[in-house]
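Working notes, structure below.
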Amino acid sequence: MRIKACRKAHFNAAHRLYRKDWSDEKNTQIFGKCSNPKFHGHNYDLVVAVTGDVDPETGFLIDLKVLKQYIVEEVEEPFDHKNLNEEVEEFETLNPTAENIAIVIWNRLRQRITDRFDIEVTLYETPRNFVIYSGE
Amino acid sequence: MRIKACRKAHFNAAHRLYRKDWSDEKNTQIFGKCSNPKFHGHNYDLVVAVTGDVDPETGFLIDLKVLKQYIVEEVEEPFDHKNLNEEVEEFETLNPTAENIAIVIWNRLRQRITDRFDIEVTLYETPRNFVIYSGE
Amino acid sequence: MRIKACRKAHFNAAHRLYRKDWSDEKNTQIFGKCSNPKFHGHNYDLVVAVTGDVDPETGFLIDLKVLKQYIVEEVEEPFDHKNLNEEVEEFETLNPTAENIAIVIWNRLRQRITDRFDIEVTLYETPRNFVIYSGE
Amino acid sequence: MRIKACRKAHFNAAHRLYRKDWSDEKNTQIFGKCSNPKFHGHNYDLVVAVTGDVDPETGFLIDLKVLKQYIVEEVEEPFDHKNLNEEVEEFETLNPTAENIAIVIWNRLRQRITDRFDIEVTLYETPRNFVIYSGE
Amino acid sequence: MRIKACRKAHFNAAHRLYRKDWSDEKNTQIFGKCSNPKFHGHNYDLVVAVTGDVDPETGFLIDLKVLKQYIVEEVEEPFDHKNLNEEVEEFETLNPTAENIAIVIWNRLRQRITDRFDIEVTLYETPRNFVIYSGE
Amino acid sequence: MRIKACRKAHFNAAHRLYRKDWSDEKNTQIFGKCSNPKFHGHNYDLVVAVTGDVDPETGFLIDLKVLKQYIVEEVEEPFDHKNLNEEVEEFETLNPTAENIAIVIWNRLRQRITDRFDIEVTLYETPRNFVIYSGE
């Protein structure tokens, strides 16, 4: 009985697309208005999907209250109402594109969730732009 | 021309998370407020996805009016405005978690839809909690 | 500078449409499957709108964190994961239609929010059925 | 034939709740994490409603393509992918709460739209927090 | 106890913006691609709001099943999967703008719903363009 | 670092389900009201997902502004505010079911996007009916 259980969360953050080793001109040329040095921001929506076998005793794949708590600790507390470039360790040297934010979130959750479960992270930067990462 | 065709439906039902072979104390300890003996309820949203080869004559995978009718007969009529624990046969002995409800729906639809098609059931218990089952 | 500030919340509850002073037959005749004696349930979505003058010092009408807390105390804690008919005092003798639930919520919040502000309650029983009450 | 015609738009921006004439301590005490000095951000959703008499010749209240263009010029171009506190003139001395942003947008649009029409601005800071201003 | 009760519905239809007494050139000049002579179409979403006093006996303003049925008979059956210009009587001589469609729907429902109730019609032509008419 | 990046778009179009080599009677018998000879229409929502390896230099899978432009050129300009049966070349001889529209869109985009990336097209004909095609 292999099932995928999903939990939705969200956080509001500022960021800019930016590589420190590029000039401001090159950053603007490649990333356009997304590289505004004074930052812009988003309401990020996040779906974390966990796949594995249903526990026959509880009928749960995973207690979603537990998954919710992992997301609070690994994503909402460190990311919400923050400047991703300047206040989240991983983005000191990593460009906070939606792709990279999803990979960082996946890596953080991978350390909290048993290896018996696969993890998939969907990150909406806007309702029209989103990415999906599953650690492949 | 392998395609996935999807139909969304919904039903409103009462339930509680509960195992008859556990004491009320143990049910509450494991399932928290979801085990309230007087029940609570949800507007369940359901997406049924059917995957197979497009019929070159009609350009349909499956006539969605037919799929809609299967969902009415197998899910909406038996589940809508019902108490899942007390009025749906499968949950007399099975805990109606989102995972188990999705599996029950999948099993009911599997008997109606040709084996040439794969089936995937996505069940939203709330907009933030949902599960996906495809019979694996 | 008169403005309306709104906060969305939600709760999941069981209910049935039912008048104690009517027979089961009459309840079923008037309320149909919504009167199922074993209950059904909903994910209720709630929007509370507060209207008044913006505070020139803070730029807030009302601190939405405060409004959120009133909603938690007056609505989410007493209503969420509950059976409205059997576990919420006001519905012991009042039929929990969407209309009446909205009026009960409005009355509860009216006691917490300053009279300088008007209050409007929108209650979604389903995404297709909702009511709006403003104390008129 | 008095009608309200509405157009939805959006913009992504960074901001912090902040009064220059208050200390950082007081800003944090009143505005909490919304006053983070390194900024955070939102996907703001905007609905502009214009009310007046339908033009019997065209059957339009207002050509929504024209209203869309006003919103592009007065809101999306100056606000999108910007830091509201540092890059939008009105917020140099005004705290960019949702309330104040809605009032600023209303004032900008009021100068573009004929006085025969009333204007109402709904601004969603998040899907759960929003404000409505109509110039009263 | 004055309340507003709302019911959402939808229909899919083809239309073009067009006045018979104008040349094709003038229609295109005023209405742009919306006047394409071969038609285009929309999934129209409709919210019908009815305002009045709650019935103290039932706790309903209006039985929403009854309102749903009025909408089926007056809107969905005559409009759904139809060409509004060519198959709906009112639009033989009236340009089917969102404004005019809302007014036609309001007039149809006004004949079915008791004068003790006010009616308001919200019609979404797209998620970004919508109009509201209340018979004023 | 294999990731899926998604972009949402939409277009409004008229269509009818129809095979030229069948009689009107047979078309109506198989396709029902969807075969109305005077057409009906939809607001189609489209999600294009592109899967491949993240570019370590930019942190992008693909610049979504570029993907957006491909969708404008290959889908929105040729399909929006058009009659699919009469104004889109591929449907001169192909029945414009949701399945076939998704396949046509996939084929158009396949010619614009590098073979290093997989493509998946999700097409919503209505919020309740949608199909997914990935070229298998």
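Observations on the model:
Order of writing sets the labels: A, B, C, D, E and F. Residues in every chain begin at 1.
In the analysis below, a contact is a pair of C-beta atoms (placed from the backbone, for glycine too) under 8 Å apart; a residue touches a chain by one contact, two chains touch by 3 or more.
This structure is a prediction, so every number in the text was calculated from the model and none was measured.
Shared contact partners of chain B and chain E, listed by label, are C, F.
Common neighbours of chain A and chain F under the contact definition above: B.
Counting steps between touching chains, the shortest path from chain B to chain C takes 1. Matching A-F against the pairs in B-C, A-D or A-B identifies A-B as its interface repeat (over half of contact pairs the same by residue number). In this assembly, the chain whose C-alpha centre lies farthest from chain C is F.
Copies chain A and chain B of the same chain sequence form an interface built mainly from non-equivalent positions, shared numbers / all numbers used being under half.
Our note on geometry: chain C versus chain E, Cα centroid distance of 29 Å, whole angstroms. Contacts with at least two other chains are made by residues 127 of chain F. By the document's touch criterion, interfaces exist between A-B, A-D, A-F, B-C, B-F, C-D, C-E, D-E, E-F. Remark: chain B residues 1-9, 49, 54, 58-61, 64-65 touch chain F in the complex. By the touch criterion given at the top, residues 10, 12-15, 33-34, 36, 38-43, 80-83, 86-87, 126-127 of chain F touch chain E in their complex. Listed in rising order, the residues of chain E touching chain D in the complex are 17, 30-32, 94-100, 102-103, 127-133, 136.
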